[in-house]
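Quick one: the structure is below, and I'll ask about it shortly.
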Amino acid sequence: MTHRPGRHFLQLPGPTNVPDRILRAIDRATIDHRGSEFGELGSECLQGLQSVFQTQNPVIIYPSSATGAWEAALVNTLNAGDRVLAFETGYFAGLWAKMATNLGLRVDLIPGDWRHGVDAARVAEALARDREHEIKAVMVVHNETSTGVTTNIPAVRRAIDEAKHPALLLVDTVSSLGSIDYRHDEWGVDVAIGGSQKGMMLPPGLAFNAISARAIEASKSSALPKSYWRWSEMLANNSNGFFPYTPATNLLYGLREAIHMLEAEGWPRVFARHAQLAEATRCAVRQWNLEMVALDPSEYSNVVTALFVPEGFDEKALRALILDRFNMSLGAGLGKLAGRAFRIGHLGDFNELMLAGTLAGVEMGLALAGIPHRKGGVDAALQYLTGQA
Amino acid sequence: MTHRPGRHFLQLPGPTNVPDRILRAIDRATIDHRGSEFGELGSECLQGLQSVFQTQNPVIIYPSSATGAWEAALVNTLNAGDRVLAFETGYFAGLWAKMATNLGLRVDLIPGDWRHGVDAARVAEALARDREHEIKAVMVVHNETSTGVTTNIPAVRRAIDEAKHPALLLVDTVSSLGSIDYRHDEWGVDVAIGGSQKGMMLPPGLAFNAISARAIEASKSSALPKSYWRWSEMLANNSNGFFPYTPATNLLYGLREAIHMLEAEGWPRVFARHAQLAEATRCAVRQWNLEMVALDPSEYSNVVTALFVPEGFDEKALRALILDRFNMSLGAGLGKLAGRAFRIGHLGDFNELMLAGTLAGVEMGLALAGIPHRKGGVDAALQYLTGQA
Amino acid sequence: MTHRPGRHFLQLPGPTNVPDRILRAIDRATIDHRGSEFGELGSECLQGLQSVFQTQNPVIIYPSSATGAWEAALVNTLNAGDRVLAFETGYFAGLWAKMATNLGLRVDLIPGDWRHGVDAARVAEALARDREHEIKAVMVVHNETSTGVTTNIPAVRRAIDEAKHPALLLVDTVSSLGSIDYRHDEWGVDVAIGGSQKGMMLPPGLAFNAISARAIEASKSSALPKSYWRWSEMLANNSNGFFPYTPATNLLYGLREAIHMLEAEGWPRVFARHAQLAEATRCAVRQWNLEMVALDPSEYSNVVTALFVPEGFDEKALRALILDRFNMSLGAGLGKLAGRAFRIGHLGDFNELMLAGTLAGVEMGLALAGIPHRKGGVDAALQYLTGQA
Amino acid sequence: MTHRPGRHFLQLPGPTNVPDRILRAIDRATIDHRGSEFGELGSECLQGLQSVFQTQNPVIIYPSSATGAWEAALVNTLNAGDRVLAFETGYFAGLWAKMATNLGLRVDLIPGDWRHGVDAARVAEALARDREHEIKAVMVVHNETSTGVTTNIPAVRRAIDEAKHPALLLVDTVSSLGSIDYRHDEWGVDVAIGGSQKGMMLPPGLAFNAISARAIEASKSSALPKSYWRWSEMLANNSNGFFPYTPATNLLYGLREAIHMLEAEGWPRVFARHAQLAEATRCAVRQWNLEMVALDPSEYSNVVTALFVPEGFDEKALRALILDRFNMSLGAGLGKLAGRAFRIGHLGDFNELMLAGTLAGVEMGLALAGIPHRKGGVDAALQYLTGQA
C-alpha cells in the first residue's frame, strides 16, 4: 500500500467518509444471529430506520448493495410484462430502468437531458394516456447521484393522484436518505430504496426498502420469481428483530451507531447542515465560473454537485491529478458525462472544514490542470459560511 | 449491553469467531470503488478465492448472504420449469430446494433421514430414469450445517458421469469452504456456493459462486429473470478487479486478510487442524455417551458436530443455560431437530484450547442441566490431542 | 508475523487479555488534553479509580509503568537516608527494595522464603526494636506476582498500630487491584501502587498512587529530588480533570471503559469470580499432584498460581512447548524460581471457559513434556465449577 | 459525548492527528513482553528510532510522557549541585529549567523574549566566562512548541566546541522529531529528548532519549538518585529488544507502524512536506496581516505557527468559538502568551487539504470573532501551494 501522508478526502457522492465511531462499532465480535442480543440489535435497526425514512410502515434491510433493493422493489410488487414508467434523469435512473427491462417488465422511458429532475407534468401526461391502467408503477430517483439533480417527489405524487391512477410510486432515495429531507408516509411513496454508504455514513453492504400498505398489498399478487428479495418472510421474521437468513451483523452494529449519531444531531440540523454546505459549494462554483450540470436552482442537490470541465479538458485527468497531488477522490463523470463532468460529494459525516479542504483541492487541481477558472472559490464559500456573502 | 466477563465463545457452525486481524482490517476507511487502489483489492480477492475453491475458473463475489449465492447458482444456469434433482439431507438442503420451487423450477426431492449424506447410487438411479434429460441440475450440499453430515462430492460426480447425464452439478460449500478440502475443478463441480462467515472467518455479508466453463455456457441460454445476480456483468467488470455495482468494500478488506492468513498457515495444515479438532470433539461425545446425528463415520463433518439430547430434555434449555452461565453460544436444532439436537461449531479460527473451553462448557452444561452423560469428555479430547487416545 | 490459528491465550499474571471493548475504546482519535472534553474524561477516570481503590482520598495517574508508581510512592514521602522496612516475599518485593536502595534509602530487608506473605509478627518485632522511629515506611506487596502469595494487609496495619509506630504503610497492589478486594481507606494504607495491565484489563502504560492524608502530609517535608512523580502539581491540576503534563489520553479512554465494565459487573461479583476461578485452578493442581509455591492456604492468590515443575525438568522448556503447540503464554519463573516454577495467570477479563482452555493447555503440555503428573486436572476443575467437587 | 458532525481537526502542536493505521496497530491484543514476538517488536522500534534520530548510538524508550525524558536526560548525566546553562526561549524551555532546579541542579537561565531561538553568541559568552568548567550541560530546545521558534543546534554545538568547553549538549526535540530535520550524531548532541505524540503521530505515552557515547560516559559518574529513568538497565535489556520493566506494548505497536509509514514516505519528503505546509501557513498569516510570535525568518518553525491576536481580543475566546463552530482545536497561548497568542499546529500526519481546512477554520473564526484582519489568507496559501505565489 502506497503511503500518502495525511487523511484521504473521500469526496464521492458515496461511499462517504465513514466516521470512526461507526468503523469502531463494526469492529466488534460477530454474535449469534439467532440469540436475544441480536434480537435487540435487529429491532433497534429496524425501528431506527422507520424514523430515518419518516414512516410508520415497515422497513426491510437486505445484506446487499442498494442495487439489490432496486430489484427488490420491482420483484415484490410487479408481474412479468407489467408496464412501468421511468424517467431518464441520469445515469442511475437509466440503470434502474434497464434493470426493469432485464427483469421482464415493459419500460416506458421518458427521455431527459440529465440536467433536470422529473417533470410532474410529464408524469401527468403519461398517466392520462394510460386509460387502461397498464402502468403499474412510476419509478423516480429522488436525488440523481450522477448529476446532482433532485426531483420534487410530492409533485410527482400529486400528479399521480390527480390522474387518479393506481400506479405505485417507487422512489430511489439512495443518495438522499439521511442527508436530504425524505418523508415516506407524508409523501405517499409506496416503495423507497436506500443504501448504507451515503448519508447513512456506513460502508456499503446494506440496502433498504421502505414500503407502504399498498406495496404490501401489491406484493401478494406479484408473481415475479424471487426468494432472496421476498418481503413476506422478511416481515414475518423482522417482527422480533430477526431475519430469515444470516444478516450482515457487523454492518448492523454500524447502522445502529449511525442512527444514534444522526438522532443526537437532530434531523432538522442534519438537513440544514447539508443544505448549507451544498450552497457553500455552489458559491465556490459560481466564483470559479464553471458550469453546473443541474440547471434549475430548485432542483440543486444538497449532497452532490456535478460540474462540467470546459471543452478540451478531461475530467478524468483532473481527478487523477487531484488524487495524486492532494489525496482526494472525486466522483467520476458517468455514462454520457464521462470525461465531461466530475462530481463533488458533500454529504454524510461532513463539516465546514472538510468542505474547505475539499474545495481547496478542487481549486488547486483546476489551477494545476490549467483549466480556465476564476480564483477565489474557496474564499467565496468561506464568506457564505460566515454570513458575509 | 449486559456485561458478561471474559471472552464470548461463539461456537456456532457460523458465523464463527472472527479473528482480530480480520476485524481490524475491516475497520479501515472505505475507499473509492472505482479507483486503482480498489482494483488491486478486488483482484487480490478474486484471485485469492480461486485458490480457496481450487479452481482456475472465475469466482463471483456478491455483497449478500450465502442465501443469495444459492439463488445466483439457480437463476444463472436454469430456465423456468426446468427440473432439478435435490436431496433432503437436512435443513439447509431443504431450504435450497424450496428456493428452487419459489423460483419456478420443478424439484425432484429425494427424501432422506437427515443423518446421511447424498447416496451416489440414488443419484445414479434418478438420472438413469431421466431418459429425456429433463433434469438440468443436481443440487448437493457438501457439508450439511444442520446435521454435521458431509456428502462425497466426487462420488456424486462419478454417478452423473457414469449415467452420461448432462445435468449440471451445483454444490453448496457454505460451511465446508476454507475448512474441509473442496476441489472445484478436480471434482468437476459446475457451480459452488460459498459464504464469508464460516471457514473464511469473516462477518456475514459476502457470498460466492465458483463456476465452470459449462456453467458459463449454460448461463447464456438461461432466461430466468435476474439482474443483481447476473454473472455476465460481474465477469466483465471483474477482469480488472472492479464490480458492476458498489461492492462491500470493507468486507473485502477482511476477505483479503483472511486469504493471507489461511495461505500463511497452508491449506493442508488448515484441513488437518479441522480434522483433528473435529475428531477430538467426537472423542468427547463418545465419552459423554451422547448420540450424534451423523450415523456414518465416513460422513462425519469436520466443522460441526450435531448431538441429540436424550428424550425428555430440550436442547433449547441446555443452550440457554450454557449461554447464561458460561458465555457460549451453541448452534440450535433446526427444523425437525429443533428441541432435539444441538450443534457444536468447531471451525474457522479455532485451536485446541478454544476447543477445550468449548467442550468444557458443554460438559458443565450437561451436568447442570441434569442430562445423563458420562463425565470425562474433555479429558478424552485432551488425551486424543496429545496422542494418547 | 507468524500466523498461529485461533486465539492466543495470554495467561500471564499480567498483562492480561485486554477485552475488545477496551481495545476499541483506545482506538479513538486523540483529543486536546487541555479541552473540556478531556476534563470530563480525566475526572471520570480519577473518580472511578477512587472506587476501584475504595478510597475517598485522591488517586494519582501516571503515564508510566507500575514501576514508576513504586518510585513515586518513595520519592514523594521520604528523605535521603530514611530507613524503610521491606520483606523479601518474592521477586517483585525484592526489586522494590532494591529501588529504594537506588534512591538513597536505607532498607531493612526481612528475609523470606518466597512461599509466604509478610508475617505481621515480624513487622511488630522490627518496629518494636525501632525505638527512635527511624523507620519511616513499611513496604509490603499485597499480591506477590512472582509466587502467587498474598499478604494480609489489615494484619500488617494492626501490627504497626499496636506498635504505636508512625511509619507510613506503602502497599504494592499492582496485581491485586481490580481482582482481589483491596480497601485503601478501611485498611489504613498510606500509599498504594497500582498499574493498568493486570486486573484493570488495560494494556501497560498507566500507573497509580492512591494516597492518604498522612502521605500527603509527609510529602510536604519530603526532599528527595523529583519532578515527574511529584504529587503536588498532579493534585493541583487533577481537581478539574487535567494533568500537569501530557497524559496518555488513549489509555485513559481504555481506563474509563474498564471502570464501566467492572462497575457493571459489580465489585462483589468481580472478586467472587476471581476467587472461584482461582480455586478451580488449585483443584486442577491438586489433581496433577504438582507442588504450589504458596504454602499457606490463607495466603493463596486469586490472580496467579505458581507451580513447581519436578526436579529434572525445566519450566522454560514446558512454557516454550505450550506456546509453540497450544498458542498460550504462561508466566516465567522469576529470580530464584527461574527454571523451577511457572505461573498461571487467571485474572482480569477471564471466565470459566477461558480457564478450561488454560488448564487444558497446561495439562496437555505436562503430558507432552513427559512431566510426571496425575491426569484429570481439567476434569477436577470442571467438577468444582459445577459444584460437584 | 456530544456529537459534532464531521471530522475533528486536532491542530495543536501535539498531540497531532493520529492516522488510522496507527490507531489500528495499537488496537491489537497485548502480548507477553518477555516472549520472542515481543523481542522482535522491541528491536524494530529501537532500531527504527535510531534512524529517526539519525544516530548510530542507542535510543532509550520510556513508557512516559516526554516530560519524563527531560528528567531522564538530567538525572542520568548530572550530579547534585551541578551548574547547567539554560535559555528562556519560551514556556517549555522555562519548564525544563524549572525541573532542573527541582532536581537539585543550579540553573544559569539566560533571559529571552520568547520570540527568538538560542543565540549561539550568548552560549559562547557564558561558556567563556566559565573558566572552571562548572557548567556541566547546556540545555536547548530545538523547536519551542509554545512560540513556533527554532534554534540552530549546529551553531550552538560550534559555540561549545569553539569555547573548548566540556559541557554536554542536551536538546529537546519533542516537537521537532519526525517533522524537522534533526541529526543527532552529525550535530554532536549528547542527549536528545523526544516524545510520541507530535511528529511521530502516536498518542502520548512514549518518550525517548537519544544519547551519545559521552553521555553514557557521564552517566557512569552521575549520582542523582534514579531508578525508573536509569539508562544502564535499559541498555542492558534493550540489546535483544526487551525492557527492564513492563513496556507500553500497544503504543510500541503504533511506534513500529509510524516508523514504517515515515520511512515509506522517505525522510527528505517528510521534511519538505512540513516545510511547505508551514510556509503556506505563513502566507495566510501575512495576508491576514496578523503578527507572528517568531521574529526571525531563519528561525520559523515548520511544525507550529504562533500568532498574536490584536490588543483588545482574547485568543481563548477565539479558540472557543472555532472549536464550537468548526470542530477544530488550536493550541492555547501558554505562560505569558496566554490570552495573547494562539498556535496552529501543522505537523505529523498532515497534508494540503487538511491545512486548507485548518486555515479556513482560523479565517472564519477571525471573521466571526470580529478580529481585524485582511481576508484571503486561505487563498494565499493555495496560491503558494500551486506555485503561483
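Chains here go by letter, A, B, C and D, matching the order in which they are written, and residues are numbered from 1 within each.
Here is the rule we go by: contacts are C-beta pairs under 8 Å (C-beta built on N, C-alpha and C of every residue); 3 or more make two chains touch, one makes a residue touch a chain.
All of these numbers come straight from a predicted model, not from anything done at the bench.
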{"item": "Far-end chain from chain D, centres as C-alpha averages", "value": "B"}
{"item": "Of B-D and A-D, whichever chain pair has more C-beta contact pairs", "value": "A-D"}
{"item": "Gap in Å, rounded to a whole number, between the CA centres of chain D and chain B", "value": "54"}
{"item": "Centre distance in Å when chain C and chain D are each reduced to the mean of their C-alpha atoms", "value": "34"}
{"item": "Interchain centroid distance [CA atoms averaged], chain A/chain D, Å", "value": "45"}
{"item": "Residues of chain D engaged with two or more neighbouring chains", "value": "17, 20, 24, 27-29"}
{"item": "Parts of chain C lying in touch with chain A, wherever the complex brings them together", "value": "20, 24, 27-29"}
{"item": "Complex interface listing, chain C residues touching chain D", "value": "1-2, 8, 10, 12, 14-18, 23-24, 26-35, 37, 62-68, 70-71, 75, 80, 99, 102-104, 195, 197, 203-205, 224-228, 230, 245-251, 323, 329, 332"}
{"item": "Of chain A, residues touching chain D in the complex", "value": "2-7, 9, 17, 19-20, 27, 261, 264-265, 270, 273, 325-328, 349-354, 356-361, 363-364, 367-368, 375-376, 378-379, 382-383, 385-386, 388"}
